[in-house]
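You will see two complexes here that share subunit A, one where it goes with subunit B and one where it goes with subunit C.
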Partner chain A sequence: MATDSIIKIKNVSFSYPESDKPAIDNISFEVERGSWTSIIGHNGSGKSTIIRLINGLLVPDEKENSLIEVDGIKLNDDTVWDIRDKVGVVFQNPDNQFVGATVADDVAFGLENRGVPHEQMVKTVAEAIKAVGMSEYANSEPANLSGGQKQRVAIAGILAIRPKIIVLDEATSMLDPEGRDKILKIVRQMKDEYNLTVISITHDIDEANMADQVLVMNDGKLITEGSTKTVFSQVELLKKLGLDVPFFEQIKAKLLNDSMKIPASVDSEKELINFLCQLNSKM
Partner chain B sequence: MSKILIGRYVAGDSIIYRMDPRGKLLATILFILFVFLANNPVSYVIVTIFSFVAVAATKLKPKIFWDGVKPLIWLILFTSFLQLFFTVGGTVYWQWTIFALSSYGITNAVFIFIRFTVIILISTVMTVTTKPLEIADAIEWLLKPLKIVRVPVDKIALVMSIALRFVPTLFDETLKIMNAQRSRGADFNNGGLITRAKAITPLLVPLFINSLETAIDLSTAMESRGYRGDQGRTKFRVLRWSYLDLINLAYFILLLILLLVFRTH
Partner chain C sequence: MPIKFENVSYTYSPDTPLAKKGLDKVNFELKDGTFNAIIGHTGSGKSTLMQHFNALLKPTNGQIEIAGMTITADTPNKNLKNLRRHVSLVFQFPEMQLFENTVLEDIAFGPKNFGYDKEKALTSAKYWLKKVGLPEEIGGRSPFELSGGQMRRVAIAGVMAYEPDILCLDEPAAGLDPLARKQMMALFSEYQKEGHTVILVTHNMDDVADYADNVLVMEHGKLIKEDSPKEIFKDRKWLQEHHLEEPKSSLFAAKLTNFKFKKLPLTIDELITGIEKNLKR
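Moving on, here comes the complex of A and B:
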């Protein structure tokens, strides 16, 4: 991964003050610019802590060789605000991140914080709201919006800042399937349009499967990382960590166990279906 | 559930709605001061006419204003009665121990009644035609001079607007907890005062914990969205003066002049 890494994390550890066990235990990884990375792991595995370290909400344990670098900027006290300009986070609870009294006010919040002039702010806010398809709700109050709509507003608030990286911190876990699909669709669209890097922390296996790269965490340690296909084919490991595996991978693993010969090239649901159908037709 | 009213804002459209909230707030405060200039029947008639014109200009149903006065009617009547029976002077019509009904008492009682009522009417005109958030903005503007003595006016304003924004959220939360407790057999509607007060405890504790969690989440979200105090913040919501506010101003200056002319010196 010597290519263009937008996030570099080296030997980072972090312990919460009231606990003696590190929440993050000497983790190193890189995220490629323009890629979609999923971080999976059960509750308390340190997934969310990693994000809070990247945008400086938490300060990692002091170590000589540790490093957090975002878009070529090393994270420290002086650069934390520059880094927050580059990283936008959509949090889990739709209500608890809605600061403004109306949709437009909320989208403007990040711009207000950065001292953007009023005329420009009005323009940017309207654009961002339009990008997530919420124009007709611009003056609505949060009490009249659904969870999915609130999350779309959160995304608009982030887009208005024009960040490089958008982080979904279990952003879809409190939504119904429809709302979830819509959010993911918008994020995918925005990723292509603005060349964003996406990091999604998730329990949802389908959402994790949308990624190019998957990181698996357990007890503050990075257990494995790699392309979606390599990670999800490690069915036994994931099961041992109490994590879900995409359905077709489960089937494939079971069939392999039954000593059926499935070529390595079969690595998606569609290919597996094709393979199995052809198998039948030969018989 | 979505139609929870914070404050007493009533949707409508008239010139009062289109006036700047700052002007309305200022006018309300000035009016309350001006009312105390009235000290004879003519000046009280002027004050009454002015407040009824303002009420009419809202183009709202009179009932809305009656609802504004109603909760305070006993207080008004009580104060008027005190004036009525305890003021001594002029012709005394009736007396019994310390109670007396005098001509001064009667005029004073009527004056107090009018004074109370018009003040409530005018503040109702303001609160029903101005959204709570706009009132918060107006208060912020009014407090601005305090910045010189280092009062964190911007922070106070943000706190006010966040508080207003979370009222419906907390209300929803309360209902949810209430339903959860009810489904387990809690009873909020029966029993005496003490029983009911006790029934509220299992409601308050989770509500309180939830609010704290919300506050922590919100502060994390705000920080990650670049909030760092008042430093170099700009404002998205901007209030603009218009010619309507001149009308507003002229109206109350006219009231002031009339009162100064017609009051007893």
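Moving on, here comes the complex of A and C:
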């Protein structure tokens, strides 16, 4: 497994009170430092619950050998606040996460909470807002921004507290295609610049495809994991789980189904296009 | 009766320094029982346009004919309830508007409000609960105990339960998982085929290609194009100039440089057929 794991989850289960079925059912996985992990699965499969367990918003069922470790610290009552400093979450609906009257106030909120001296705070806030390309809106009211701009402010608020891990919990699902692309580009830049670890929970297949590692959840269980190529080539499994597959995999599956012969080595859109064009020129 | 927009303009905060044009001389006619998609950037006027369909906003200039009424700047609010019984609007995040104690009561609220008796409202609520793909047993639960996707379905069932003739939806499937999205879109399509008019604001061009009869393209408050998906997606250069995406199938087809497609494939099945035709020569 990962050589330098920033997150270690071992044998973790979680049941909501009054529910007879666990929401998370004996899950183990690791996330490598500085990597990008996508978690996919249908609504209610347990994706968001995992995040709430990692930052201690939920407490796992009592179990021997169960472990949640973030950046070398084992999660328990004493360490939960240290761990929350390391994990920043951007949620789906930007309107639900604003507290400040201006963009700058909002970004400063996390720092104020942590008692950062004013002088340093002003500097950090300005840097974070600049990093997401929102400097000219520093004194604007968040309510007047577009959805994509709001999410950029939410990301700035997280960057300001310098987390090690940034979680996108369907953070781009309400944005238009351009807004989404911009957010993902910014997150990628931030990841490279600060060696952040990114976890993205998403239904968007293109966003999931940006990952180094994909985890597939269903009914609280981790069904499969691996690189994008390994996971997304399992077209039948993903379809059975009600999930999307990359577009070229859909085409490939349909052509194979119509008894066209396509070598297994064709495992990207580019290769499929090359293969089809070559085939066509031979005709 | 078709929906008719004649020279409709809307100005936010008119006669103030903050005055801003939301709609600018918009003209179109939507036929009964059609599936219409409204596309365009964030801020292009899509949502402003939507809010005119049931007179949440009234035109600053021009007039709208819809569901037997004529709406102008001077239309009083008094008679709008009847309009809203025929034209309903589902906003983004409709789940935020749930409020009743149980799921069934929440769905039955709309029908009751529009004059169904209690029993009939409940029957309708039960029918639509099933229709949106939710199990019967959650009918008695609090809507606030449900998952986000389930709450969305309850909210949509609540609007469909009084069967408006014209159903306007603002990104109804955003944030749903792929299967739920497909189920929702199939539900709206079925509703249209039963004889209702559907108007959908969306960024998803595959949904436009799969379901729409007619597409309205908005930009800076103006209607810049209205046509069938086939015609809208035909002009790649025009789409790029206006920062609009294409359906995945036509994009893929464009990359198959030595293939000839008689007609531009807009759906995956059209694409597969087109590819196979090329290879069969």
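The working rule: the second predicted complex is superposed on the first by the 280 of 283 C-alpha atoms of A that agree within 3 Å, B and C clash if a C-alpha of one lies under 4 Å from a C-alpha of the other, contacts with A are read in each partner's own complex, and residues count from 1 in each chain.
Throughout what follows, contacts are C-beta pairs under 8 Å (C-beta built on N, C-alpha and C of every residue); 3 or more make two chains touch, one makes a residue touch a chain.
The model shown is predicted, which means the values in this text are computed figures rather than measured ones.
Judged by the touch definition given at the top, the superposed model places A:V99 against subunit B, while subunit C stays out of reach. In the superposition on chain A, A:F109 makes contact with subunit B only, while subunit C stays out of contact range.
Judged by the touch definition given at the top, the superposed model places A:L276 against subunit C, while subunit B stays out of reach.
Of the two partner chains placed by the overlay, neither subunit B nor subunit C lies in contact with A:M210.
Applying the stated contact rule after C-alpha superposition, one finds that A:P142 touches subunit B and leaves subunit C untouched. In the superposition on chain A, contact is made by A:F248 with subunit C only, not with subunit B.
Touch criterion met: A:V89 reaches subunit B, while subunit C stays clear of it. Residues 93 of subunit A touch subunit B in one complex and subunit C in the other. Contacts from subunit A toward subunit B in the complex involve residues 52, 55, 57, 81, 84-85, 87-89, 91, 93, 95-101, 104-105, 108-118, 121-122, 125, 141-144, 157-158, 161. Within the complex formed with subunit A, the subunit C residues making contact are 41-43, 92-93, 147-150, 171, 174-181, 203, 243, 245, 248, 252, 255-259, 268, 271-272, 275-276, 278-279, 281. Looking at the complex, you find that subunit A touches subunit C at residues 41-44, 92-93, 146-148, 170, 173-174, 176-179, 203, 242-244, 247-248, 250-251, 254-255, 258, 260, 269, 273, 276-277, 279-281, 283. If you check the complex, the residues on subunit B that touch subunit A are 2, 4, 133, 161-162, 164-165, 168-169, 172, 213-214, 217-218, 220-228, 232-238.
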